[in-house]
């Protein structure tokens, strides 16, 4: 009896998925294991970013177009810290997360009074300003010359070099972020966010302080984005302002829209499908049509909103399943 | 759950590399995107050299397969392309990366895979000392900036110069080098103004320059913006101000615009100055592609030649090829290519002469007075 | 029985239209007070003003003697005006000093004059906005004060380096030093005023709907506003939001106190549902409930925040006889728990045998109040409801 | 004294540049203002229609050899139809979907159109052939000392003013204009009053897109450079102008466009040309934060 219940429990599904992922590097793929591992590491990185972004539009129903700004802030925090002070990744990650949360609050506090559309445009303006500052402040970020020579992360003194080590590191980060997001979702904070998403006025009258909870959501989402950026800088060993353009926000938004806004499983599935898609398209599309893949992402946004706005794993069905599960657990 | 598992597995197989028994020489450059015209020059140069090698029996009997890898001059794409190439055993040397930002992104990956690469086009200063596996057969920005400052001082004799630079590594590198040398030579730099890549309205900055009344304006940017700047300056009434630029402006796009009369630029390749093989190369290029080669084509042509020569000499082991390339370190052992003699210093950079060409009644001509 | 809620001369107008005019109303502890009136009489606007979803344009509301809607006294208004005027006068001499400190040798230039006019006009609009209590003025003044403070400190620290003459022949030195001495402390004073709660209260910053809910005022809505995509249990748990204390850290580290609180909330939520008779449907989505059940769930959610005052906005609307009698029994059970209830309702049968005291609203004006029997026979009420003509009451 | 004259002519020349740029932003901003005014949707794809206008005129002139003014009119009409199709395909099905859905569709459409144009016309900068438009455009119309204003700048500003007047008359004097204002107040009630809501909204899109297409051609002419990503940045700046002027009011769009154009040029001229785009973004954020109703717009209370 306990086994059937346990099988349907989302926590078990996630753990088994991650267990499968751990096996990935040892699959017999011959020469292209590294290339596939790198795509999977990128996919898991975007899963983390999507989970971070999912908190704002997914939980609280606010469209955040400036997510790449925090991603960039996290990356440059990590890059600069590791170049000037040569800190290890385990010191940088919390610092980057704090820096992201700080900037999330600075942007969020004054702007979260605005209605949805204006908020989206202000966050867009913020991320463009971040790119401008990264590009023009030579004294801080060496501007368009980028930041080369970022030392790779090291565990117990052994610097990570091969792709499978990075893959396991990003999996570890994914599990941490997953833990954070699921705990937040099933807590008082998560319920307050869902209330804000469903009906702001009713939430207010139930005692939810709108501004405070929106800013908290924005700060947490920003810190997860910054953490993703920190890993990215350490993994890539070179960062450049052009990597944090507006397009990244759209791509991550596309992931959560495709997967299902508000549902954790959906967001992860969205990232797992769409990110390798661009690599497949690189192999499939003829030379000239290379930017056709951006076209396809744009199309995904339009079609999803038109025919299946709730995404692959709808938020509503996830809530009903969770409720059913709670009921059965209660009966045992 | 099961559905997801098999889905994932099919996904992985799809992205596996295709198998072919030939020597792969990949060209990594922006074939689409704003700098596609430069990428196209590199493509033509490489294809031409590939054909010639195959016509002459290939390398040790195997055919050379020129593979085009598009990286849109974007650091993220460059890194993905670099990983793909690093993992492909058929690839033993890469001819690649035009933009310095994508070169910097690809460097750590090439070093990780011990894969030597020759860049025919990325001129940024900071790349040299980054990795022992990276060579260039084009001069560096600081040399080009220095040469340009000397040329402006000695040949043209301008006293007051303004600089209109684009906010990217290539343009800023050139500007800094030029200003350092200009201060030494006593050329007064009146002011510098910046523009971002995708602006088309340069009038505010040009109006500022107009008030400064400079002798000449130095545009260290790329050709697409160059034509716009010059025609908008002319429309603002800056008739008697001369313009000059670096290899970024060396493109047919400039010739189509009648306002660019008298523009002179530095370039690594001039057909009539580069030596005997150049004439043959230009004739073959014009026959195959119907237009004159620019310096990208010439340098890529040489780069593929150097790569092929290395493979012919020491086989396909990446480490050996790197050592072979490092061994070309003096004038007598230099590779005598279409764009002059190429030999590398300890950082993998190379010292090559720079030439000057200018636009005269609608055509690129080599400037009368060269500076050696 | 002390009065739990006192509304004094409350009025609310949307542009020209005045929805409420000088409403005075009282509710005693444990009493059921009814509010009736024809459609569009302003009943729901009264509720929205009470829970500060709308900002009332006049009058005062006190809940348990604490002012929810404070009256902005005239004397304090003058203080703000004087601050504004002083700020503007200082601004007059601000512009040349501001520019000369940045680009010393450019005293008379086309741009200086234009920039001066531009900054002066912004400051003028600020002062006007400040006097009309507009939020944006408060924000911008804050920015200007910070820059005033910054430059005065900069000048005071650079006393010597400025030197008597600055390329323009006018000894700016004698301007910048006094300016630094005046502007610095004044800016600090105004910033502290604008930041301290007292001034912000004076500014008419009212408590938000969530603060009022925390005080113990819960409400339901005319058109049902449930969280339809969440389960019934979660809807009630959100009602418990005010009573829970767990913060972000507690949640992330799953501390003992957070776990206990969740468990307690779960039990309390089930109790609430049983109280309302919905414990069988705890795990369905709120959207899947029948109309009557959704009404009762909304009441359960309101009760979850353990209120002293419950505002019911047409709870019996669209209910048949059997459902409304159940509702009456529920409301009586609520009153036994000692919760005061304020009901807006059209269904006379529900109102008559529930309400201890009834107020009648018509076109935003209070036309009658008293016990149920007095109201039934009051001619003005009948006329308002039936539109004049027939004299006998509708029993 | 010479320095003073020199400085002020620099300032006046920058002012002329600023006004022309402002005129262009105003023309695009009208599209945003009208669409947002009527259905409260930020039409991200409007920037792309502006870009398509430029490319359509380019193709008509170079490939089909149509004379300039005929191509100009034809482009306006085609862009108008394009606006209607865009509304029909993307926004009509989401008429009463949550605002988030419509906003995301707008972004998706913008990305889709941008890359479609990149595939059709390639991503290089193209410029109108010199002989295409009458030579008079380039000759300076009026020049006082150093300050000069070419005929094309005069042409752009005059068209902008004329369009604004026509639009203002349409909205306030014609039947369909009143219908538009009614819909912006309350969609459902105006439907009850017998207004063909979808028809009027399509008309709004048509006019907005026509203006956008016109702006595209004018910009292609003035800067002599068109490329597929020109719509994206100009679009966002035009929206900033629309908000600055007061979303929903056509004169507001014009005023906002002018102010933003001048602010950007002055910023680039005097403060720093690197942060040129940053200045318009900063102005946009400041306006949205401190005065969401804009300079002219009226405060629309949120109905509970």
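The chains carry the letters A, B, C and D, assigned in the order they are written, with residues numbered from 1 in each.
In this section, contacts are C-beta pairs under 8 Å (C-beta built on N, C-alpha and C of every residue); 3 or more make two chains touch, one makes a residue touch a chain.
Since the structure is predicted, the reported quantities are computational estimates derived from the model, not experimental observations.
Trainee: Can you give me the shortest step count from subunit B to subunit C, moving only between touching chains?
Mentor: The least step count works out to 2.
Trainee: Please indicate the chain closest to the centre of the assembly, with centres calculated from CA atoms only.
Mentor: So the chain nearest the centre of the shown protein is A.
Trainee: Approximately how many whole Å separate the CA-defined centres of subunit A and subunit C?
Mentor: That pair's centroid distance is 35 Å.
Trainee: For subunit C and subunit D, let me know how many angstrom lie between their CA-based centres, rounded off.
Mentor: Inter-chain centre distance comes to 39 Å.
Trainee: Mind pulling the subunit D residues that touch 2 or more other chains?
Mentor: Counting only residues that touch two or more other chains, subunit D contributes 7, 118, 123, 272, 274, 277, 289, 304.
Trainee: On subunit B, where are the residues touching two or more other chains?
Mentor: In subunit B, 32-33, 167, 194, 196 touch at least two other chains.
Trainee: Provide the list of subunit C residues touching at least two other chains, using ranges where the numbers run on.
Mentor: Counting only residues that touch two or more other chains, subunit C contributes 53, 139.
Trainee: In their shared complex, at which residues does subunit A touch subunit B?
Mentor: 13, 16-17, 20, 27, 29-36, 38-39, 135-136, 138, 143-146, 148-149, 161, 236-240, 242-243, 269, 272, 276, 279-280, 282-283, 287-288, 290-291
Trainee: With touch defined as at the start, can you tell me which subunit C residues reach subunit A in the complex?
Mentor: Spelled out, the residues of subunit C in touch with subunit A are 51, 53, 139, 208-211, 213-214, 218-219, 221, 225-231, 233-234, 237-239, 241-242, 244, 246, 248, 251-252, 254, 258, 261-262, 265, 282-285, 301, 305.
Trainee: Note which residues of subunit D are touching subunit B in the complex, please.
Mentor: 6-7, 9-10, 13-14, 17-18, 21, 118, 122-125, 127, 130, 138, 140, 143, 146, 148, 150, 219, 223-225, 227, 229-230, 233, 265, 268-269, 272-274, 276-277
Trainee: Could you pull out which subunit A residues touch subunit C in their complex?
Mentor: 110, 180, 183-184, 187-189, 191-192, 194-195, 198-199, 201-210, 216, 220, 315-316, 319-320, 322-324, 326-327
Trainee: Within the complex, which stretch of subunit D touches subunit A?
Mentor: Residues in contact with subunit A: 36, 40-42, 90, 93-94, 97-105, 107-116, 118-119, 123, 232, 236, 239-240, 243, 272, 274-275, 277-278, 281-282, 284-285, 288-289, 292, 302, 304.
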